[in-house]
Each structure stands twice: as structure tokens, then as C-alpha cells.
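Common to both upcoming complexes is subunit A, partnered first by subunit B, then by subunit C.
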Partner chain A sequence: MEIAVQIALNAVIAGALYSLAALGFNLVYNTARFFDLGYGAVAATGAYAVFYFYKTLQFDLLSSIALGILIAGALGFLIEKVVYRQLRARKASQTVLLIASLGVLTVVQAIIAIIFSSQFQTLSRNIGASRIYNVYGGVMTETQVIILCSGLSIMTALGIILRYTLFGKAIKAVADDEEVAQIVGINSERLIGIVFFIGSAIGGIAGIAVGFDTGIQPTMGMTLLLSGVVAAIIGGMGNVYGGVIGAFLLAAIENAGVWYLSGEWKAAIAFAILILFLLFRPQGLFQK
Partner chain B sequence: MEYLVHIAVLICIYGILGLSLNLAVGQAGLLSVTHAAFYGIGAYVVALLLIAVGLNFFIAVPIAMILAGVVALAVGVVFSRLREVYYVFGTLGFNIIAYSVFLNWDSVTRGPLGIPGIPRPEIFGFRFGENEFFLILATIFLAITYAVCQFVTSSSFGRVLRAIREDEEVTSVFGYATHYHKLAVFVISGMLAAFAGTLFATYITFIDPSSFNLNESIFILAIIILGGLASHRGAILGAFLLIILPEALRFVGFPSDVAAQMRQVTYGLILILLMLYRPQGIWGEFRM
Partner chain C sequence: MDNSAKFIGWAAGIAVVAAVIVFMYVGTSTPSETGPITIGFIAPLTGDVASIGSVARTATELAVEEINSAGGIDGRQLNVVYEDGQCSATPANNAATKLINADRVIAIIGGVCSSETAAFAPTAMQNKIVVISECSSAPNLSKTGKYFFRNYPSDAYQGKYAAEHAYNMLGARNAALIFHQTDWGTGIKDVFKQRFTELGGNIVVEDGSPQEARDYRTALSKVKVANPDYIYAPTYPEGGTVLLRQIKEMGINSKILAGDAWSDTRLQKDVASFDLDILYVESKGNVTDEFKSKLLAKTGGDQVPLCAPQVYDATYILAEALKKAGTDPDKLADAMRATKYDGVSGHIEFDANGDMTVAEYIVKRIENGTAAQVQ
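Right after this comes the complex of A and B.
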């Protein structure tokens, strides 16, 4: 019984992390219309920026996190300006953008490894000192509670922004038809830039959360990105809420699967689910 | 001299990988990111056959290729139903699954410890022990692969593949079973990747899962994108350049772990720059 509770708790926490990853990814996909793999690198950059400010420069926790999120957002914005915008101007196909973003991911990941080494490192200053909560026989650390709460609030905030503000409506318009959106006076290039900033910032938050929960590694971006992509595809590409549900579903299946097999098979389970979905329900659970 | 021979062998191995991947990506337009999985299957099967069963290398090679072909057939049936970006993610998922099998199937692959002490190939009492002799064998393998690829592309089968690449629907309207063509080329490409894997395993005489992860697939993809899609000599040129370049970086004086990361930076940058300025690569006959 206690194991079941613990697995459920793990699934909820993993679900929150994946939803953050899927959220930013979906937001970017929605407006820019391509699978931005560089997103993973941006997420890792956020986590490493926090590492630098918090552990190397000994800044306090909140300003380190704020700086980390800002840097992630800024990097996403910059990459969009320097690479993706040029490609879109050349009418590059989705595949070309995908390959370019693969290049971005590889480069940023390697640069992080050169600066910070490819070792696994922890973000928290005092490991083990974090308070532990007992939930129906399962255990949750304080960090995980904070991750869960901030994850849920970001999702809600983003949902409200997308639905009720002019900005959200503009995003919807560009996602629907970029040319028409331009005709009615939406500066789509600027909008896409802002979306890249916000999406990357959310990715950065996901990366930072993973960093505090387990630890950081240059390849973490790739791992996080893939979870986000799988969640987004399960939920229906471009559907922001679907992505969140997909994330929790993925986390639940993964953790249940790990119960039967073992932790090492997690990635294999995730991709087996992805392939099943691509085959039988390529449009995802909630079609856009 | 020894060093040059080593580089030449590597170029042969990656040349085979490039040529074979180019059949799927360049000829048929199937953007597969799972080549390292078949490469790994070839390497592992040969290693196990040589060590555990004690077979001769030249008997083990066809067995390894056939096994890889069977796996390629099984997953190819699944993948041939996917399109464009979803094809990329499906194949990428398979690479991750294959990697976790190499990593976690301890009783067979010895997991992260890898398999040491793989014997060099032997025929009629002659052992390809010296690297110079091994280079001759590698060159012969490369020549065989080149001939096979040349044969496939110049046959009517190859013409249908190129037609599928340009427009799959029209090709199927003309009565070609496009699914079978895509499946067949995927199997051939996977078998040839296993061919390269058998060389790699017996050359290095040690294999572990890290040689067959997703990054390796991306590296092979970078080779053919650089050299040029659908071009045989392009694939070999790409292998040559991408093997030589990081070695050159090493001479500049980077420490070896930084040099490994510089390799990633270089080919990531190459991907981005090519997508921006020359999406068809150096000798490419097809642009995505």
C-alpha cells in the first residue's frame, strides 16, 4: 500500500515537471510551427545559470532562480532571432528547422559541458536538510512540494493569459494563420519573439526544478525535452492543456512501469508509449 | 603512421554508416535518427558470436546483418506509417529504446561495463591483428557497401525510392507499393549499419552502450547532411571531414575531454550553418 502511495506521489511530481516542459514546448510549437529541440538546451542553461549564481557566486536563492529564468528566456529569444527567424525568412521546411534546432541543442549542451564539466552536480546547498512531508504513508520533500505548487500556478497563469488577454488571442491568431494575423495588424515576428522568451523561460523553470529535485547534468536538457515532447504528442501537439494531461499520464505510466520493471527502463517505457501513440492515435488524446 | 591508419579505419566505418543512412534519408527521404541502434546491434551480435560462441568473424558478420535486418523489418513496419516530424520522433524513440536495452540487459550485454576482449577477424589462419591489415579489410567493406548502394540507387527500385521522396502520393497513384519500398530500403540501410558495427566491434575490440546512443545517430546524420543527401561520394566526404575536423582540434591543444565536447560543438554548428546557407550539403542532390 505504502509503495503504491509513493509511486503515485512520484508520478504527480514527475507529471508536474513534464507538464512544465511540455507547456513551454507547446507554446513555441503553437506559434512557430516546428519542433524546437533547442528548447532542451535552453532548459539546461536555466538550471546551470542557477548553479552558477547560487553555488559559485553564492547569491541568495530567489534572485538566483530569477536570473536563471531570465537567462533561459533570453537565450531562447536570442536563438530564435539568430537562427530560426533567418530560416523562416528563407521559407525553410519543418524538417530543416528541426535539424537546425538539433544543431542548437548539440552546441549548447556541449558548451555547458565545457564550462561546467559533464559531471552530475547538485543544485541544493544543503542536501538532506530539506524538510520531508508524510502524505498517506508516502514521502515528499519540501522541494517537491514547492515544484508541484509552482508548476500548477504557472500552468493556471498561462492558461488565463492565453484565454483572456489580447496577447493570448494574438498568439491564437498567429497559430491559426500567420498571414491573416499580419493583415489584421499583428506583428507576428515580434509576437513569436515574445513567445520564444516566455516558452524558454518556462523551459528554464522546468530545468531548474529538475535541478533542485535531482541534480544537473549537461544532457539533462535532452532528457527533459524528450519527456516534454512525448507528453505534448500524447496530449495532442499544440494543445496546451492536452500537454499537461499528457504529462501526468506519461508520468503515471512511467512510474507504474518502473514498479514492475526497474528504474533503468524509464526512457524505454516513455518511448514505447510514444510509438504506440504515433501509431494508433497520432493526433494525441485531445486534437487541436 | 599508426595514428593515420587509425583515422583511416574510422573514416571507413563512418563512411559505411553514412552511405547506408543516405539510402534511407537521401534516396527515400526517410529522416531516420536511429542508425546507431542497428550499428550497435551489429557490434553486439558479432562480439557475442565471437566470444561466447567462438564463430569465425566472416560467418558472424552475415548473421549479425540478418539479425539487424529482422529488427529493422519489425520496427520498419511500424515506422513506415509515420510521416515527417513524427517519423523523426518514432525513430529517435527506437534509438533510445535500443540504447536502454544495450545498457540494461546485463546478462547479455554486461550493461555499462561493456564487452572487452573481442578478437580481431581471422580468415584461413590469417589474423587482421595489425591495424594496417585491418584498414585493408575496412576498405574492402567500404567498397562493398559503396557497390551495394550504387546498385540500389541505379536500379528501378532506387528510382521508385526517389519518386517516393519527391511525392509519395503520386507514386502510389502510379501503382507502386510505397510502403514496401520504404520498408525495404529501411531494412537494407539497417543491415549495412550492422555491417559497420561488426567492423567497429572487432577493430576497437571493446564495446559499450555509449557508442550507440542517440548522439551517435545524430553524428551520422550530420555526416550525410554535410556531405550531401542522396550522394554516395558526399557520404564519404562527410565522414572524412567530420572525423578529421575534431582530430585537428585536438592538435590545437585542447585537453581530451574538452576536445570531445568540441567535436559536438563543431558538428552542431555545421548543422545550423548548413541549414541556414546550404541545406543540400556539399554534393547534395536533394534538399529537405
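Right after this comes the complex of A and C.
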């Protein structure tokens, strides 16, 4: 019994992290219509920005996190302006954009490694001293509770924005058909810029959350990105809510798999699910 | 069409420029019989176990300074090119390729991690480059080749020692195995498991993860329920730090026994506040006070980490062999194999595989940010 509770809790925590990753990724994919691998680098940048402000400059926790999110968003916005927009203006195909984003990921990762070294580092200042909650025999740390709560609130907020605001409707319009959206007066370039900012900021939050939960290293973005992508595909590419459900489902299957088999199998399980979905239900659980 | 032609044109141009640069580079560094003797060095200078790798570099520099100020190798200075292997296969292999092809080294000291050494040693063997690893202990490195040596005992010894110590001295009857799936981690786990069950012990959980895994909670959930006397955890320090943190967070009461990688000073500092019972096995070295004070004067630290005495000795062994045999790879390998050396890490002799003929271990306890030998 106790082990089942703990495994369920582990799945919920992992699910919260994956769904944050999937949320931002999906939002960007939905509007810009390409697989933005640079998203992983943006997430890592958010975490490293917090590391710099919080641990190196000794800022207080909240302003460090706020700055981290802001920097991640700003970087995403900047990359969109400097790289992706130029390519789109030249009518570059999705493949070209994908490869360009792989370049972005590699370059940003390398820069992070040069500045901060590729050493694994922890974000929290007082490891081991934080509070621990007992939930029906399982345990959760304070950090994890915060991650879960903030994850859920961001999902809800994003859901409300997309559904009820003019901005959300404009995103939907651009996602459906960019040309028609432009004809009815939506400035799609500006909108895509904003989407990149928000999506990257959410990615930054995911990176920061991982940083506080376990730790940071320059390549962390890739791992996060992959879980986000798998979750997004399971849930249905471009479907924001589907991504969240896909994330929790992925986390549950992964953790159950590790329980029955062992840790070696985690990545294999995740990608086996991905392949099964691509083969038998490419549109994901929820169609867009 | 136009674009792809352009692309090919560019690619060809870049290839030509790169080739010219490589040739110029290679052309200038051809070794001569009177100039300095260049050797390579590969260790994790960043990433996992970087704190061990960077002190290994310092210890090598120390030995080279001493050798050179005492006249070098028959008047020729010893020159070392340092490369970062990042405790991982691909960077180590790239580093070795560069050392062999561009720097034209005649021997390589390193790597520290078995995954580094396993990756680059075959290339080195093909190029007849003598390799002496100061710290790679994976059992499967034994058959690497004629030019391979290591003055660090194979884990075939360490895993066995850990199992016997756990069963006989610590009274462990049930153990959980949490390990990293690397040449080192899996190798040492297998030996431990075999010996521990032979003695009558029980393995209750066996769970491996990639070296870069940072989430051990599900494996630890199983450990928590099984509640073993000891968790044997041959893991690398970065993952190990997270593992210990999650053991603490999940309120697991089992004691912990780990491998020599945890002599990493950074791990020891990072886990200081966890209040866990942590032991690890390390190769015994009779580190002299003289070496200790020389090294600490250079590093500014307060401990001599693992591999530093070994790499200091490795440098001297290589220098001695070079003095005897010159730079011919076959003669050099023969001279290395004939080594009988009493260094700061103990007595060193090699068998036909280039392995140490004897191995002695000690157990240390991690406490208050540092480690002390358990009597």
C-alpha cells in the first residue's frame, strides 16, 4: 500500500514537471507550427538565471525566480525575432526551422556550459532542511508541493486566457489559418512574438522547477524537452489540455514501469509509448 | 536546386580550409629526437567527478615540474597536453583523437572514469600509444591491449571487498543495489552481488539508472518498503548527491555503502547537512605527508582526493620507462610492464594485462562535509 502511494506521488510530481514542459512547447507549436528544439535551451537558461541571481548574487528567492522566468521569456522572444522570423520571412520549410532550432539548442547549451561549467549544481540553498510532508504513507517535499501547486495554477490560467480573452482567440485564429487571421486584422508576427515570450517563460518555469527539485546542468533542457514532446504527442500535438493529460499519463506509466521492472527501463518505456502512439494514434488522445 | 548547389560549394570550401589548417597544425608538431617529449592527459575537468579530475591535473603538473627540474627525460623536457574527458565516452574519445593526431603524443595518462578509458583506449591501442590510467577500475578494461596499464586496482577486487566488508564487518544480511549503468557501476555491482549472495546475503532490490539520471524516487520507493540493512550504491558523485538527498527526503533508514567515486570532495560537502550514515570503499594508499603538503600547497584544499597520488605515481612510472626505453612504443610498453615502483600510492607492479598485481582497500565515513577512515 505504502509503495503504491509513493509511486503515485512520484508520478504526480513528474507529471507536473512534464506538463509544464509540454504546456509551453505546445503553445509555441500551436502558433508557430514547428518543432522548436530551442525550447529546451530556453528552459535551461531560466534555471541558470535563477542560479546566478539566487546563489551567486544572493538575491532573495522570489525576485530570483521572477528574473529567471523573465529572462527565459526574453530569450525565447529574442531567438524568435533574430532566427525564426528571418527564416519564416524567407518561406523556410518546417524542416529548416527544426534544424535551426537544433542549432539554437546546441549554441545556448554550449554558452551555458562555458559560463557556468557543465558541472551538475543544485539550486536550493538549504538542501535537506526543507519541510517534508507525509501523505498516506508516502512523502513529498515542500519544493514538490510548490511545483505541483504552481503547475496547476499556470495550466488553469493559460486555459482561461486561451478560451476567454481576445488574445487567446487571436492565437487560435493564427493557429487555424495565419493568412485568414492576417486578413481580419490580426498582426500575426507580433502575436507569434508574444506567444514565444509566454511559451518560453513557461519553459523557464519548468527548468527552474527541475532545478529546485533535483538540480541543474547545461544539458537538462534536452531531457525536459523530450518529456515535454512525448507528453505533447500522447496528448495530441497543439492541444494544450491534451498535453497536460499526456504528461500525467506518461509519468504514471513511466513510474509504474520502473516499479515493476527497474530504472534502466524509464527512457525505453517513454519512447516505446511514443512509438505506439505515432503508429496507432498519431493524432494523440485528444485531437486539436 | 540553386540553394543546394550553394550549400555544397560552401561545404567544400569549409572542408578545404579545415584540411589546410589541420595539415599546418600537424606539420608543426612532428616530434624530434631532441625536443620535448609530449604526452597527453585525459580526465574529467568539468562535469561528473570534476573535483577528482582537476586535482589529478594538479598532481600531474606537480610530478612533471619535479621531473623536468631534475633534468627531464635524459635532458628532454616532458610536456603535457591536458584535455577534458568529462567522465563520458564521446568527449574522451574526441580528446584522444586530438591528442594522437594533432599533438602527436607518445603516451596518454588517464582517464579517470572507466567510461572515458573504455572509449578512447582502443583507438590508442591501434595507434600504439601507451595508456596509463590512474583511476579507471572497470573489470572489463583488463583485456584492453598490450599498451594499456593502470595503477589502480580492478573493481573485481573492490566489489568483492565491499561485499565481504558489508557482510562480515557491518553485519549486513539484506542489501539493495542502486547503481549507475556504466562500465564502472555495473561492473562493480555484479561482483558485489555475486560475492554477497555467496556469503549468504540477500539482494532485495536491484535498480540501475543512466549516469545522468536525477530521479531515483521510484527505485527508492522499492528500497523503502524492503527496508534493507544497507544500500550499496556504486554511483557517480553528481547522481550520488541527488540520490542521497532523495534518500533523506523519503525518510529511508537503511545505511549506505558506496564505491570509490564518492571520495569526490564536492559530494562530501554537498551532503553534509543530510545526517545520513554513509560509508564508501576506497583504494588504500600510504600517502606520505610530504606528498600531501606539496599537493595541498598547490590546490589550497584540505584533502588529498582519490586518484591524485595514483596519477602522480603514474607520471613517474611513465617517465622512468621513457628513460629506460625511449619513445619506441613496443620498448616503452615492455619497460612499463617491468615496473617495480614504490610510490606515494603504494607498491606498484603490473601483470600481463597491465593490471595491478595487488589491491588493498579501506573504508571511509562521510561526515560533516569530509571523509575519515573507519578503523
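In this section, the second predicted complex is superposed on the first by the 287 of 288 C-alpha atoms of A that agree within 3 Å, B and C clash if a C-alpha of one lies under 4 Å from a C-alpha of the other, contacts with A are read in each partner's own complex, and residues count from 1 in each chain.
Keep in mind that, in the parts below, a residue touches a chain if its C-beta (ideal position, glycine included) is under 8 Å from a C-beta of that chain, and two chains touch if they have at least 3 such contacts.
Bear in mind the structure is a predicted one, so any value in this text is a computation, not a measurement.
A.B. asks: Check subunit A with both subunit B and subunit C modelled on it and let me know: fit or clash.
C.D. replies: In the arrangement built by aligning on subunit A, the partners subunit C and subunit B clash.
A.B. asks: Mind working out whether A:Ala113 is in touch with subunit B, subunit C, both or neither, as first, second, both or neither?
C.D. replies: Both partners, subunit B and subunit C.
A.B. asks: Name the chain, either subunit B or subunit C, that contacts more residues of subunit A.
C.D. replies: So, of the two partners, B touches more residues of subunit A.
A.B. asks: Can A:Phe35 be said to touch subunit B (first), subunit C (second), both, or neither?
C.D. replies: Touch status of A:Phe35: first partner only.
A.B. asks: Quick one: classify A:Leu285 as touching subunit B (first), subunit C (second), both or neither.
C.D. replies: Touch status of A:Leu285: no partner.
A.B. asks: Quick one: classify A:Ile146 as touching subunit B (first), subunit C (second), both or neither.
C.D. replies: In the superposed model, A:Ile146 contacts neither subunit B nor subunit C.
A.B. asks: One more residue to check, A:Leu61. First (subunit B), second (subunit C), both or neither?
C.D. replies: In the superposed model, A:Leu61 contacts neither subunit B nor subunit C.
A.B. asks: Let me test your reading of the model: by the given contact rule, A:Glu264 touches which partner, first (subunit B), second (subunit C), both or neither?
C.D. replies: both
A.B. asks: Report for A:Ser93: first if it touches subunit B alone, second if subunit C alone, otherwise both or neither.
C.D. replies: So A:Ser93 only meets subunit B here.
A.B. asks: Contact-wise, after the overlay, does A:Thr122 reach subunit B, subunit C, both or neither (first, second, both, neither)?
C.D. replies: Touch partner of A:Thr122: subunit C, not subunit B.
A.B. asks: Clash-wise, after the superposition, say which stretch of subunit B runs into subunit C: 22-30, 112-120, 148-156 or 166-174.
C.D. replies: 112-120
A.B. asks: Between subunit B and subunit C, which residues of subunit A are contacted by each of them?
C.D. replies: 113, 117-118, 262, 264, 267.
A.B. asks: For the complex, give me every residue of subunit A touching subunit B.
C.D. replies: Touching subunit B: residues 34-35, 83, 86-87, 90, 92-100, 102-111, 113-114, 117-118, 222, 226, 229, 233, 262, 264-265, 267-268, 271-272, 274-275, 278-279, 282 of subunit A.
A.B. asks: Would you tell me which residues of subunit C are touching subunit A in their complex?
C.D. replies: My answer: residues 46-48, 50, 86, 181, 206-210, 212-219, 221-222, 224-225, 238, 241-242, 245, 248-251, 270-271, 273-275.
A.B. asks: Give every residue of subunit A touching subunit C within the complex, in rising order.
C.D. replies: For this pair, the touching residues of subunit A are 2-3, 6-7, 10, 13-14, 113, 117-120, 122, 126-129, 132, 138-139, 141, 214-215, 217, 219, 223, 255, 258-259, 262-264, 266-267.
A.B. asks: Can you list the residues on subunit B that touch subunit A in the complex?
C.D. replies: Per the stated touch rule, the residues are 31, 78, 81-82, 84-86, 88-90, 92-94, 96-97, 99-101, 103-104, 214-215, 218, 221, 225, 257-258, 261-265, 267-272, 275-276, 279, 288.
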